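There are two complexes below, and they share chain A, which is joined by chain B in the first and by chain C in the second.
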Partner chain A sequence: MLEAIHLSKNFKGKKAVQDVNLYLGHGESVGLIGPNGAGKSTTISMISSLIKPTSGEIKLNGVNTITKPGEIRKILGVVPQELALYQELSAYENLHFFGSIYKMQGKELKDSIEQALEIVGLTDRQKDLVKTFSGGMKRRVNIAAALLHRPEILILDEPTVGIDPQSRNHILETVRMLNEKEGTTILYTSHYMEEVEQLCDRLYIMDHGEIIAAGTKAELLSILSTEDTFKLELSKLDGNFIERVRAIEGIRKVEAFQLQMKIIAKKGSNLISELVHLADQQHIQIINFQTETPSLEDVFLHLTGRTLRD
Partner chain B sequence: MKAVLWAQFCKDKRNPLVVLLFIAGSILATLLFAGGVSSPTTVPIFSEEKNASEIEKKWESLLNVSDSFRFEIMDPKQARENVRDGNIDVAVKVMATDYRLVANSERPTVSYVQQHVEKVFNREAQISAIAKTQGEENVRSEIENYLEDAPFQLDTQGLDSEHIPKYNLSIQLLFAFTFLISMFIAGLKVNNVTNDKVSGVWNRMILSSISKTSMYCGYVLYSFLITLVQVLVVLLLFKYVMDYEVGDHLWLIILIAAFFIFSMISIAMLITGFVRSPEQFYAIYPSLIPMIPLISGSYMLPGTITNPVLLFIADLFPMVHAIEAIMSVVFYSAGFEDVIMSLLLMLLIGVVAMGLGINLMERRGH
Partner chain C sequence: MRSFIKKDILMFWRDRKELITVLVLPVLLVFILNFAFAGLFNHDKKSTIDLQLAVVNQDKEAEALEQLNKKLMNEASLEEQEATALVEQAQHIQPVPLLFDFLENKDIKNLVTVHRLKEAEAVDKIKEGDLDAILIIPDGFTAESLYAAFVGKTPTVKLQYKLEQQTNNSSALNNIIQGFMYQLNYQFAIQTIAGAKEVEVTLPEGGFEEIGTGETFTMSQYFTITMGALFALFMVATAATKTGIEIRQQVFNRILLTNSHPMQFFIGKMVSTICLVFLQIIFVIIVSNLILNIFPDRSMTFWIGIAAMAVLFSFAMSGLAAVFTAIILRMNNIDASNGIFMLVILLFGIIGGNFVPIQMLPDWLQQIGEWTPNGLYLVMFTDWIQFEELSSLAKPSMLLIGFVILSTMAGLALFPKRGITK
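So, the complex of A and B:
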C-alpha cells in the first residue's frame, strides 16, 4: 500500500534520517519505535508529505507521493505529537473547523463530528472549551480531528505523551478498534515499547536516523535467541563489582540501576555459580535472582547499547 | 478560506477583549494627544493696586478675546503659589496701564501669553493716547467702527477656491493614532499564522483539501476585516458622535484606510517571514511599529521633517501616503483621482511586502 524507499533527510548538512525503507500493508498496524531524536517525526513528516525528503521515494499503490502529494493527503489522517487544536474553541467547534477544511459540510460534517467524538469518548464534553480539558482529553480531541474524513491510513506521532494511564489506555483501545473494526491502516510511533508491543503487527526500530531492525515481534525477539537475560537484586552495588561482572566470560551487556543489575549473556553460560562467588567475595548479598524472557526493550538495548528512554 | 475565517472569528468571539481594548485605546490616544478634550490655557490675572478689583475686571474683559487663553481673576497669593508649585506656567499681574508676567521658567506658553498680553496692552495704550489728544469719550467705538472697514485690508484666497482651509493638526492626529493602533491589531492578527504553525494547526490544514492560497487568503482577509472594523468604529465615532470635521468624502477616507490596512498587513506578513515563533514576533513588531508614524511625520505638521534620508525611509511605509491622501481629502476636498497615486503606492508596498513575506515563510517551511 504505502512504501518509503531509501528515504533520507538532511537539515543544514546534518543527517536527520538516513536510508529508511518502510512498508505499510493495507489494514496493517505498524509501529515505529525509537528514542527521542531518533528521526521518527521527520520520517512520518516525509511520509505524510509535510516535508520533502532530500533523497528517496514514497509510493502509495505505486504512485509517487512526493510529486503528487494530493494522492496521499486524501486518504491520510495524521495525529501530530503536539496538540494541534484551537484551545479557545470547544471540542465541537474544533472538529467543525477541521472537518470544514476537508470540504465537508451540512449533515455529512455533523455526522462525522458525532462519530469522531463517539470514537474518542467525548460526546458528552463536546461543548466544553478545549482549554478546560485534561491532557488526556485534549489528546483524544487531537485524534478525533484526524478521523473526521475517515482516513484509510492513520499516522499517530507519540499520541500518549504526557497523559495519565487511564487516558493512555483509552487511546490505545481507540487505535486498536480503528485498526481491527474499521480496517484503518496504522503507523504508530512511540518511545514506549509496551504500546507498540500491544498494538502493532510489525515494528521498525529507529536510532540515529536509521532503521536498525524491522519485523514482527517474534522476528525481533529472535535476535536475542542466542542470549539469556538475568535480573539481580543486591544488598549493595558498587562500580568494582559491576566491572568484575562485566569481565566474566560470556557476558555481553551489564546494566545497573540503584540496587538492581540486568545482565545479558551468551545463551547457556553457566553464570549463577560465578556470580554468587563474586558477590560473596565482595560481601554482597544476592537478595533476588531471576531469569527473564527477553522483551523488545532488551532487543533495543542489545541493538543500541542503551534503553529507549535514555 | 471560509473555514479559516470562521475559526479566527470564533476565537475572537470567545475573547473579544483584546480587540475592544485596542478600539478603546485608539479613541483614548486620540482624545489625549489630539486635543479632543483640549481646553484653552487658563492664565490667572491679579492686581495689587489700590483699586485692584476695578483694574482686574477691566483687563479680564479686554484680555479674553483669544480662543487659546482664558484669563481668570485670582487671588495674588494663590496665583503666585500656583506658579511657584508649577501648577501653571504663567500668571499676569495687571496695573492700570502696565502688566508684569509671573513665571518660574521660560516655557513656550510664557512667550505666547506675553505676545497676546502685549498686543492688548499696546492697543489700549494707543486708544488711551488718542482719547487724551482728541478729548472725546467715544473714541474707542469710533476706532472700532473704522477698523471694521479699514482702507487697507488683507484678503486671502486659495488657488482653486475662495476658501482657504485651516489645517487642523487634531484631525491629522486622529488618523495617526487610529492607524497606529490599527497597525498593532493587524500585526497581532497576522501573527496567528505563526501561532498556528507552532501549534501544528497549519500542518493539519496543509494535509487537508484546502489550498495554500485559500489558507493565506483566510488569514489576510480576517486580519483585514478586523482591523477595518476598528478603524471604522473609531472614525464613525469621531465623525458622528464627537463632531470631528473629517470632510464630506467619508467613503474615500475608508477606501484609503482599506489600502493602508492591506499594506500594513503585508508588512506584518513580511516580519512574520523573518521570525521563528510568535514570541519573536511579539518582541520585534511592537518595537518597529511606533517608529513608522514618527518617521512618517504623522504627529507633526506637514513639512516638519526635511531630512531626505528620513523622507525616503518614510516613503517605504504606507503611513505617509495614507495620511497625505486623507488630509488632502479632509482639508482640500480631494477626489478619487487626486489620491490615486497614494493608493497605488500603498498597493505596491502591500504587494511587494506580501510577496516577500509569504516567500520567506514558505522557504522556512521547507
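So, the complex of A and C:
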C-alpha cells in the first residue's frame, strides 16, 4: 500500500539517506532498525510528508504523496521521536486540540479522546498537565495523539527511548494490539533489536543512510545460517584435545578459554557424536553442551561489523 | 480556527510566569515610577519644558481706544455717548500687557521664555533653531478684543500662534495660550453680560491643570499607557517565541499532519494576540486606575474611547505578531529570532516614547517615533485624555490601521508556504 522508491535526502551536501526502498503492505507490521544517525527519522519524515526527499518517490496506492500530501496525511498516524505535545496543556487538552484540528467535534471527538486515552492507559491522569508526567507517560500521550483519527498506518519513531520497562511493555503491547486487533499497518523504528523481533513480521536494517538488509526474521537469520555455534564446558582442557577438535572435518573455528570451548562449524556437519567420542577417548567429561542460535543482533554484527548500540 | 485561538490563549493562561510578567509587572512599574517621579513631576515639571517663544506685537495699542470708539459707533451703531462710556471703561483693560503679564507670571515663566521681537527677526531665529514658536499679536487686536467683549461676539482678529514643529511638548503650550485667550474672552463676556461698571479681568492661573478646556495629562497616566504598551510588545515577542517552541516541540509538524492549513495557525496567532493584548492593556489601565485613581470622574464616552483605542492597538500588535511569527518560522532559530524581536521592541519602545517621554528625544527621532504603533497609540491616548475629541484621533488611527494592514501583509508574504521546509 505504501512504498518508498530510491529515496535519498541530503542535508547541505551531507547524505542522510541514500537510495532507500521500503514497502509497507496492508496490515503488516514492519520494523526499521539501525544505530544512531542511521537515517531512520529522516526516512520517516519523508514518508510522512514532513520533509521533501532530495530524490526518489513515495507512493500511496500508486499515488505520489510528495506532490499530494493530503491523502497520506489523512490515513497516517505519526508518533515522532521527540515529544510533539504542549507541555503546558493537560493530556486531555492536548488530545482535544489535535482532535479538533482533525476536524472532529462533539461526541465523535470525545469518544476518540476517551478511546485513545484508554489504549495508552492514561484515562485517570488525563486532567494533569503533560509537563507533570513521567517520561514514559509523556511518550504514551505522544502515541495517543497519533491515534485520534484512527489511522490506517501508524509510524512510530523510537517510541520507547529512555523510559521505564513498565511503560515500555505497555507501549509494545499497545502497538501489538493495534496491529492484531485493529489491523493497523505499523512501521516501527527502534534501535532495540528485541522490540522489533517481538513486534514485527518484517524488518529493514539501516546503517549510514542505506538499507543493508531486509526481509522476514527467518530470511535475515538465514544470512547467518551457514554456520552452527557450539559451546562446551569440560572437566579439563589441553592443547592436544583442542588440536584434535580442530582437525575434525567441517570445523571452522575453535576458541578455548579456561575450561570452555566455542566451536563454529559448517551447518549440518553433525559433529556432536564425534565430539563426544573424542572426549571419551581423552577421558574428558563434557559438563555442559549448548548449541547457539544466531540472533538478529548477530546478523547486524555480521553485516556491519558493529553492534547496534556502541 | 477556534481550536487554535483557544489553544494559544490557554497556553498563555498556563504560563504563569509570563502572565505575571505582562499583567503584574506593568502595574507594579506604574506604581513605582509614579512614586519615583511624583516629586519630579510636581515640583520640577516646569523645567522639563522650556519653550523659547517669540512674541511679535503688531498692535498699535495707542490707537486702540480710538479704533474701538469708531467700531462701536459704526458697527454696533451705538450713540456717541454710549460709545464714549464704554471706551472709558476699556481704558482699564489692556489685553496686550495682560498677555505679557500672563506669559511672564511665575508659573508660565518656568515653561516659557518670552522674547519680544519683530516678525522678521523672529522668523529668522526660528529658522536657525533658536526659537520654538512665535506668538503674533496682530494689528487691531486690542480694539477687536475689547469690541468683541462688549458686544458679546467672538473676536475676528485673533492671536496667531505658530510652531516650528508640532510636538507633544509644544501642543501643551498651545493649550496654555489657547486657554489664555479663551479665558480672556470669557471674562470680558461675563462682565459685559453682568453689566458691571468696573471691568476687572482676572488672569487665568498658570500651569497645566488650570488652563484650557483640556484635562490634565499626568505622569501616572503616561506610565499606565506606556507600561501597558511596552509589555504588550513583550507579549507579542513571547507569542512568537511560543511558535518557535511549537516548532522545536514538533507540534507544528503534528499540526501539518492533520492537513490543517498553515494559514489557520497563522490567523489563530493573530486573533489570540488581539485578545491577549486587549485584555492586558485593559487590565493594566483598570488596575492602575483602581490603585492610583488616575482617571478620576471620567465620562462613559471617555472609557469607550479608551476601549476603542485598546482594540486598535491590539490589532496593531497582532500585525506585529504576524511578522514575528513568520520570521521565527523562516529562521527556525528561536534564540536568533528572539534577539531580533527584542531589538525591534527596544527600538519601538524608545522612539515610541515608552521608556522616556518622547520630548526628550531629538526631533528627528520623535518624528520617526510617531510612526511606531506604540508611538501612535501614545499620541492618541494623550490627545484623548486631554480633549476627548474624536477628530484628533482620526489621523493616528488611520496610521495604526495602515500599520495593521501593512504588517499583516508582510507577515503573509514572509510566511513559509509549505509549513517549515528544512
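Operating definition for what follows: the second predicted complex is superposed on the first by the 246 of 310 C-alpha atoms of A that agree within 3 Å, B and C clash if a C-alpha of one lies under 4 Å from a C-alpha of the other, contacts with A are read in each partner's own complex, and residues count from 1 in each chain.
Simple rule for what comes next: a residue touches a chain if its C-beta (ideal position, glycine included) is under 8 Å from a C-beta of that chain, and two chains touch if they have at least 3 such contacts.
Please read all numbers here as calculations on a predicted model, not as lab measurements.
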item	value
Partners on chain A (chain B, chain C) - clash or fit	clash
First (chain B), second (chain C), both or neither touched by A:I101	both
Touched partner set for A:Y86, first chain B, second chain C, both or neither	both
Contacts of A:T226 with chain B and chain C, given as first, second, both or neither	neither
First (chain B), second (chain C), both or neither touched by A:Q166	neither
Region of chain B that runs into chain C when the structures are aligned on their shared chain, from 26-34, 44-52, 80-88 or 116-124	26-34
On chain A, the residue positions that both chain B and chain C contact, one per complex	48-52, 73-74, 76, 78, 80, 82-86, 88-89, 93, 97-98, 100-102, 129, 145, 149
Touching residues on chain A, where the partner in the complex is chain B	48-52, 73-74, 76, 78, 80-86, 88-89, 93, 97-98, 100-103, 129, 145-146, 149
Residue ranges of chain B in contact with chain A within the complex	2-4, 6-7, 10-11, 14-15, 199-201, 203-210, 366
Chain A residues touching chain C - in the complex, by the definition given at the top	11, 48-52, 70, 73-74, 76, 78, 80, 82-89, 93, 96-98, 100-102, 129, 145, 149
In the complex, chain C residues that touch chain A	2-4, 6-7, 10-11, 14-15, 246, 249-251, 253-260, 264, 419, 421-422
